[in-house]
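Each of the two complexes below includes chain A, the first together with chain B, the second together with chain C.
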Partner chain A sequence: MDLIPGATTCGSGLSAERTRMEVAAHNLANAHTTRTADGQPFKRSQVILESASMGGDDGFESKLAGVRVADVIEDSRAPKQIYAPHHPDADGNGMVQTPDISPMEEMLDMITASRSYEANLSVLRQGRSMAERTIDILRQGG
Partner chain B sequence: MENGETVLLSKLLDLSMQRQQAIASNIANANTPGYLRQKLVFEQTLAQHLESRDMKGLAAVQGELQDDMTSPPRADGNNVQLGNEMNDLVQNSVYHQLLTRALATKMRIARLAMS
Partner chain C sequence: MIDPVQLNSALQQAQQAASADRLQSTATPAAGGASFEEMFSRLIQDVDQAQKVADDSIKSLATGDNQALHDVVLKLEEADLTFKLMKEIRDKLVQAYQEVISLQS
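For the complex of A and B:
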């Protein structure tokens, strides 16, 4: 058992939200990338979260679920076609394939990730003060 | 020292720690598709042991996790509402504070009686 109740679970939440934030930043940064290592336009990444047991030894804790990043997958959306005949990556018709990334969607992801990160942090803070108060029983009473 | 009140107080303290873990789990999974809110259930067993003055049974009461279906799931099958969880978190923290203070007061009284 954690000394701070829920610390492992909060930790898993913090790292999952961090990954979501990183992936959103990665998507936004590459919103106009027409060329990647394989010569294709950039494909949007998406984080898949799943709940996972935090592996406590007693019955109660083994039932508690934390969260983990199951996978980061490539979005299946087809690239957008933009007419830009002078672009070096344009095809015969003057069309350039650019990633179909909506800044609104990524911003929304970033906001929810950041709010959830804060929520996990405050659980951790409250848990810490609970542990401190429990330890203080001995100081006040003993 | 091992009287009924102390046993009850420390059990409640224990259960509030468990509830904190359940809330942590709900908040960590606020964005996990298909996750259902977990609630800690213990009131009934606790009340039974209290009624029969069964202190051994009282000390052994364990909280049980159950799926909470009171709020309808969103499109992704998740039914955690972050606002409600934050509310529970604060309430649980204040409750825990109350319990620690009660336990500390009991111990202080005992010490006064001894000195």
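For the complex of A and C:
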């Protein structure tokens, strides 16, 4: 039974924003990572979202779409060069390659992700209260 | 965490109430449709199913299989609302039954 209107759609929105939050955390945590498994400095990740049909059979429902994480890709920005000759990852000139991650940018991503999450939660809350109030009609004097 | 719906006693009450309904309106099941009794027991099964789904998702969250908290919350809300709907319909039926009984006195 599908009592809450928009439940699946805003559920997909919540998952997507959750992923964006995780990626922002992943980027912030690795802001100073100079080595990864492939020997390169860490590269910032980015979430690509796409709309996904929520599986309505026909009519308008098939046109309603939720959202889905299409991919998490690596940012193409070149690493920053920092002079640190005693660093074990420094090259012959004493330069260390560090990821080009701006904490401010990540903070901004984090804030937009959490606000969008809240927006999706509001949809869920409203949908639930619509269903609840409809059920309340059955109650005596409701 | 969530008790399974007491299918038997709820069904009994539903049957009593449904027969009371029939007394009141001398209605026969709508042509082509399922009888009211069938429909209501299907509703109870739906409630039971929703509660089991919610229970399972709580379990999977607690054991770490499922990381999506909002999925669990959604399922709990769905189960809660389905139960409320069934309860309200049951209350309505019992009320109709009691009204029929009070006709006799």
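Keep in mind that, in the parts below, the second predicted complex is superposed on the first by the 137 of 142 C-alpha atoms of A that agree within 3 Å, B and C clash if a C-alpha of one lies under 4 Å from a C-alpha of the other, contacts with A are read in each partner's own complex, and residues count from 1 in each chain.
Assume a residue touches a chain if its C-beta (ideal position, glycine included) is under 8 Å from a C-beta of that chain, and two chains touch if they have at least 3 such contacts.
In this text, all values refer to a predicted model and were calculated from it rather than measured experimentally.
J.: Are chain B and chain C a fit on chain A, or do they clash, once the structures share the same frame?
T.: fit
J.: So, A:R18: does it touch chain B (first), chain C (second), both, or neither?
T.: Second partner only, chain C.
J.: Tell me which partner A:S129 touches in the superposition: chain B (first), chain C (second), both or neither.
T.: It touches chain B, and chain C stays clear.
J.: Kindly classify A:R115 by the partners it touches after superposition: chain B alone (first), chain C alone (second), both, or neither?
T.: first
J.: For A:T33, decide between first (touching chain B), second (touching chain C), both and neither.
T.: Neither partner.
J.: Looking at the overlay, what does A:K63 touch: chain B (first), chain C (second), both, or neither?
T.: After superposition on chain A, A:K63 lies in contact with chain B alone.
J.: Counting residues of chain A touched by each partner, does chain B or chain C come out ahead?
T.: B
J.: Centred on chain A, what angle do chain B and chain C make, from Cα centres, as a multiple of 10°?
T.: 50
J.: One more residue to check, A:L3. First (chain B), second (chain C), both or neither?
T.: second
J.: Once the two complexes are aligned on their shared chain, state how close chain B comes to chain C by Cα atoms, in whole Å.
T.: 9
J.: Let me check the overlay on chain A: which residues of chain A are in contact with chain B and also with chain C?
T.: Overlap of chain B and chain C footprints on chain A: residues 7, 124, 136, 140.
J.: In the complex of these two chains, what residues of chain B are touching chain A?
T.: Going by the criterion above, the answer is residues 13, 16-18, 20-25, 27-33, 35, 38, 62-63, 65, 82, 85-86, 89-90, 92-93, 96-97, 100, 103-108, 110-111.
J.: Report the residues of chain C in contact with chain A in the complex, numbered from low to high.
T.: Chain C residues touching chain A: 46, 50, 68, 70-71, 74, 77-78, 81-82, 84-85, 88-89, 91-92, 95.
J.: Considering the complex alone, what residue numbers of chain A touch chain B?
T.: Its residues touching chain B are 5-7, 9-10, 12-13, 16-17, 20, 49-51, 59-61, 63-67, 112-113, 115-116, 119-120, 122-124, 126-127, 129-130, 133-134, 136-137, 140-142.
J.: In the complex of these two chains, what residues of chain A are touching chain C?
T.: Result: residues 1, 3-4, 7, 11, 14-15, 18, 124, 128, 131-132, 135-136, 138-140 of chain A touch chain C.
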